[in-house]
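In order of appearance the chains are A, B, C and D, and numbering begins at 1 in each one.
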Amino acid sequence: MNDRRRVNGPPGGTRPPVYASLLQSGTGADTRAQRQRQPTDLRKIFLKTGLIPSASGSSYLEFEPSASLAAARSNPKSLIPPSSALKLACTVHGPKPLPRSAPFSPNLVLTTHVKYAPFAARKRKGHVRDSSERDLGVHLETALRGAIIAERWPKSGLDITVTILEAEDDRWWGDVPDSHDASWGMMNVLAGCISAASAAIADAHIDCLDLVSGGVAALVSDDSTDSPSALPKLMLDTDPAEHRSIVSACVVAYMPARDEITELWLKGDSSKVSTADGDQRSGHEALIDGAVDAARGAHTVLAEAVRESLQKTLGQS
Amino acid sequence: MAITILPPVVEDVAPYHADSDDSMSGADSDSDVEMSGVSRPNKKPRTGDGKISSGIVTPGEIVTADPKWMRGHGTYMNPLSTSIIATVAGKVQQTNKLLSVHPLRARYIPEIGDLVVGRIVEVQSKRWKVDVAAPLLAQLPLSAINLPGGILRRRTSADELQIRTFFSEGDLVVAEVQSVHQDGSASLHTRSLKYGKLRNGVFLAVTGTGGSGASSSSVKGGVGSGSGSSAAAASSGTGGGVVRSRRQVWTHTTANGGGEVDIILGVNGYIWISKHADGAEAVSSTTENVSITRMEEMVSSSIYSSQNDDVPPQTRREIARLTQCVRVLVQGGVRVDEDTLTDSYEASLQVDLEVGDDDEEEEYGQEGREYLEGAKARRILELTMQRK
Amino acid sequence: MSNQRQASSASQTPHLSPAELSYLYTSLSLPKSPIRPDGRSPTQFRPLTAESNILPGTNGSARIGFADGTQAIVGVKAEVEKTVLSTDTLASSEGGEGEDSTSTSNSAAASGHGSWVQMSIEIPGFRDDDALPVFLSEMMRESLVGSVADGGSDGGGDGGGDGDVTMAGGLKGRLVINKRWHWRLYIDVLLLSQPLSYPLPLLSLTTHLALLSTKLPKLKSQGEEDPFFDDDWEVAEYLYPRSSNLKAAGNASQYVRPPVTLLVVSVGENIIFDPSREEIAVADAVLAISVTRDTEAGNLKLLSIRTVDPPSRLTQPAVPNSENVNMLGATAPTEDIAVLNPATGEEEVPGVWRPRRGGVKRSVIANMVKTVLKKGGVGEEVLEGLEGVEVE
Amino acid sequence: MSNKCQCVDKPPNGLIVLALIIRGEKSEEALKRRNGTANTMATSVPSLAIPGQRLGSANTYAAGPGTHIQQTNIFASIAGPVILDPAQPNTQSKATLRVTRILSTAAQSSPAAAFAKSKPRYNTLPAVDSIVLARVTRVQKRQAAVSILVVLDETSAPNADLTKAASDNDNIASILTSAANPENHSSTDELRFQAIIRKEDVRAVEKDRVVMEDMFRVGDIVRGCVLSLGDQTSYYLTTARNDLGVVMARSEAGNMMFPVSWKEMRDPVTGAGEQRKVARPY
């Protein structure tokens, strides 16, 4: 569908393997990683700008691997990693002149590309962007366009490219490929893309209203609780591999200085949520607030990283 | 109710009756070829009996085989025969010895002197490219506009550098067709105080001969005039739309405290309805001793403003009503001119009164009362037709 | 490239002049009673004509047209496909004790899989991998397959899901035939002309209607055998169960219904539904909100929200008279007083258009969602209206 | 802040030396911290700013480049040093706050050293009145097409005193020599902003006697001043000033020439003179 110049094999003809160890242990519940963090605890973020000299701005972002993943990597027992960690790089090219054919634009014209490295996820991605990558690109563009002061850059274009080196998967590798099948991992990837792109834009000295940062929150109903009627709980910065069932999730791009959201993507059934007594918020409101809290956390990292690179450059001269 | 879902309307498949559209154009159809009863598309080649095909002809149909006629627009002649054959679907028109076919639907074809509303699509170094719903973009040279600071000022190279401060992409202008080039593209000018950038109002495009399908907020089914004299244009075609007429620009005094509203019917089917600009009168009334050139300077300077004046909500409401009246007329296949628009506006006020009584019981009192669709639209059309 | 740019920013950015944008924005942001260019009330939809079951070669189909001539046709086709074995089915077949694996509610064999629903959108003037069709189809698909995410816990048991009223497991569960076979649903959306406004509401409503009219042939085989079906179309079952006496009781809410995605914009403090292209062009925020009926609570529930990039960010700014070089020395040099726009927090000179920048406040989002969801609100009216379309 | 930020050991991919990781903190804390910093900033202007940082009240200061106003406050919109331009009594009443892109301020060290060390950044957009260096790509009868190589620092341009301008030249010498090299010509042109010098903008005197061929040749490096943003493709430049015109050129023989008068340059090897619109050398 996407590649019109080559004849590709039938898509989806192959599947990642199913491991025998899982068959014996049923669903492999014993090897499965559980969330160790508190519901409001965020993962650490590694963020650095200005790594790619040929680009006018660049950044590299990494989510801290979960404790169990670190352990599994140092002492591999199973082929199945307990979880995945996000690693991505973002480059900004421009502002540069628009192509000759393009019409006059009084504003900066933004183009975003999000591409998974072929090895980034459990299932190999092709070299041609698929629909989920295009979808992410649109989300990212929406998030950034609200933050950029586009009228300061008439007649010019800005290309933003995000390469995902390791993606947050939609589920635990050991799970059957079909369990909670919605692409929850994409939302974490998007949040990472937003924060990284924001840092790269600041690195390129493009005018923006604020450092826009991404955050994820989810309503999770894990089977660990005995009563099946338990309401889903709100968790920030969820790693899909650590949860059996994510009921709904939400990612925001948020600008703390203005308390504004430039991009919101919420999906799943958020009608039921276990909230604290006296909390009158409905499920989706709690979810959005949670995601904003997560984005605030990411913003502090973002601000530090930008400030640090600034000081470093000034120190050199 | 937030949503209205209607069953699909089955198109009337009965054969076309040439008379059916005469309700409004009958009065001035004198230039039409005599019509005799029902005309069906007649593909049967007629031999040279001197008769002229009447009513609607379709491409390929022989209009006449009589050599005494000259062929006009919309026809062609086989070099080996004397038959005049239609190339477009439309009405046959006869001007002395000239036979031409006026298309039922076509794009606007510019003619010298037309008052048009256009949208700037491209700024070049010495001219603008303007969308006037014609097949080709029109051009507006920098030399054909009134430069600020007096109309007699010479164009300098500084003006070229700041060409975008006069008009830039997206701006709407009202202009006049100054000349038509060989390829049919128009050259415009705004060298008059009544032309220039449009502000304080809304834009409306009517499709058909007058408008382009790609334009925003277009209304389907409208037919502007093709070419030809205004009388012929008024009578040709089955649909509505803007036609060349006595007045393309006038000021309408609205009801409900809306004040005065300016209406510009571009011949090309682009319509601008805005709050009345006081313009020259206001300037002259406040400063009586101002010389005429000075006054023109003052008026012309606001030609390039892109800042709206304060338009009160009542005026906005009546402007919205007028735009809908245009839509109703177009959808009803009635041509749009000063008379029909004024009539339909009056009718819409009357309908409002009628409907207002029934509406009182309903919970959603004011909800969407200004939306003229369906039954309301039919009633307005009915009333408009009665007034004629 | 320019095509892609247009596609991703909500709709082809209409070239509107700053004066038009300013006029529209002010009209639409009038407190309490916005004046829409076509006179509609804020929650009023454009009237549309609708019919369903128009394509005999499909399992279900619908056509919806707006008065401006834009039309969409949706055809739904269902095919039988073999379910790829997953771990727990393997486990149960090998161990021969499938009974005790009651906790396998997450498995695809029981609750279905989202990839079984495939959606493609064809919009004239766009390639099928352009951003707009991809974005639209992802948006509509995710609310469709995610519509009952928590239904798995009680709907996991039965293999058939054959027409029970509550339709446990939602659409995905309904597609399960048995542990080895399932239906694959192809939803093909065709827009018949270049979109005059952002086509989302039209496509979503048409898809909803087509799914309502979709029938699956009646299963004649039993249990785990290879499925075969009754060829009598009369006895085929609706994908989404319908009741013949729907009008009789208010129990319509019991039926699972496909979601609808509504396009909502905010201009100033007003919230406007089914915006036209010009209205989107000046919107502060554009949200696509998917809702469906909550079978348990009887009201509406939210399925997804996506922000759509408002094209107002890419518009041309106006020049205030005080800064206009062509007006120097003209009318009295009145100092334009900048006023704070409460919706954007920017200082603006009245009547001068500024491209929007920044995002949207949380309170505005909450307000927009509330307007959709509230009892007797727009969402319910739209669902009721669609329910009323005759399906023969 | 230090209790929340910590430097950790080397990250997995050895690329990065200095690491900054912030433990996920509860939002209330984050909020508190933000408010805290905001309060302190209200009193004094920070020396460094990052986008979205509040710099001061719009009632006290005027907003300069690199900042924007929101809710009567001035916020930074780029990352960089904050510079406070004092109020000029006759023109403006408020001091102007701006954030500069130039990562070396003249105050920090000697200007020449600062320029030499800081890596040149190209992402300043040409604006009206900015001085640019451009390479001639085409000479026509009525105009010359050029491609803008670098936009010179806008702060030094108006008062281009000798030392500073000289340091400018030092700094960009490397760019110029590589740009003047014919081998590098074709590849990067799409990435540069295009501009046009119209015949009437070449010089201030004897405008009608200008012959474009005798003013510019393809490959020349020209110092020009931006007149207008122009149409959708090109900017408009002027060289109608003594300090504007050709700064570097190669002769027919391919040697770098030196200026001998305001309209002539000479090849040091062959001794042949060629006509140019020469910029005043310093």
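Convention: a residue touches a chain if its C-beta (ideal position, glycine included) is under 8 Å from a C-beta of that chain, and two chains touch if they have at least 3 such contacts.
Everything numeric here is computed off the predicted structure, so don't read it as measured data.
**Student:** Tell me the fewest steps from chain B to chain C, where a step is a jump to a chain it touches.
**Tutor:** 1
**Student:** Name the most central chain, where centre means the mean of Cα atoms.
**Tutor:** Minimum centroid-to-centroid distance belongs to C.
**Student:** Higher C-beta contact count, B-D or A-B?
**Tutor:** Between the two chain pairs, B-D has more contacting C-beta pairs.
**Student:** What's the chain with its C-alpha centre farthest out from chain C?
**Tutor:** Ranked by distance of C-alpha centres from chain C, the top chain is D.
**Student:** Just the number, please: Cα centre separation of chain A and chain B in whole Å.
**Tutor:** 52
**Student:** Could you work out how far the Cα centre of chain A sits from that of chain D, in whole Å?
**Tutor:** Computed value for the inter-centroid distance: 35 Å.
**Student:** Find the geometric centre of each of chain A and chain C from their Cα atoms only, then give the gap between the two centres in Å, rounded to an integer.
**Tutor:** Between these chains, centre-to-centre, one finds 24 Å.
**Student:** Can you tell me which residues of chain D touch two or more of the remaining chains?
**Tutor:** Only 70, 229, 231-232 qualify.
**Student:** What are the residues of chain C that contact at least two other chains?
**Tutor:** Answer for chain C, listing residues that touch two or more other chains: 316, 345, 358.
**Student:** Which residues of chain B are in contact with two or more other chains?
**Tutor:** Touching at least two other chains: 122-123, 162, 168-169.
**Student:** Could you pull out which chain B residues touch chain D in their complex?
**Tutor:** Within the complex, chain B contacts chain D at residues 122-125, 157, 161-162, 164.
**Student:** Which residues, counting only chain A, touch chain B once they are in their complex?
**Tutor:** Within the complex, chain A touches chain B at residues 103-104, 106.
**Student:** Touching residues of chain C toward chain A in the complex: what are they?
**Tutor:** 1-2, 4-5, 8-9, 84, 86-88, 90-91, 94, 101, 103-104, 106-108, 113-115, 128-129, 131, 134-135, 137-138, 142-143, 145-150, 152-153, 287, 294, 297, 301-309, 313-314, 316-317, 345, 355, 357-362, 365-366, 369
**Student:** Within their complex, state which residues of chain B touch chain A.
**Tutor:** 122-123, 168-169
**Student:** Residue numbers of chain C touching chain B in their complex, please.
**Tutor:** That would be residues 14-20, 22-24, 26-27, 30, 33, 35-41, 43-45, 47-51, 63, 65, 67-69, 194, 196, 273, 276-278, 315-316, 318-321, 324-327, 329-331, 336, 349-353, 378, 381-382, 385-386, 388-390 of chain C.
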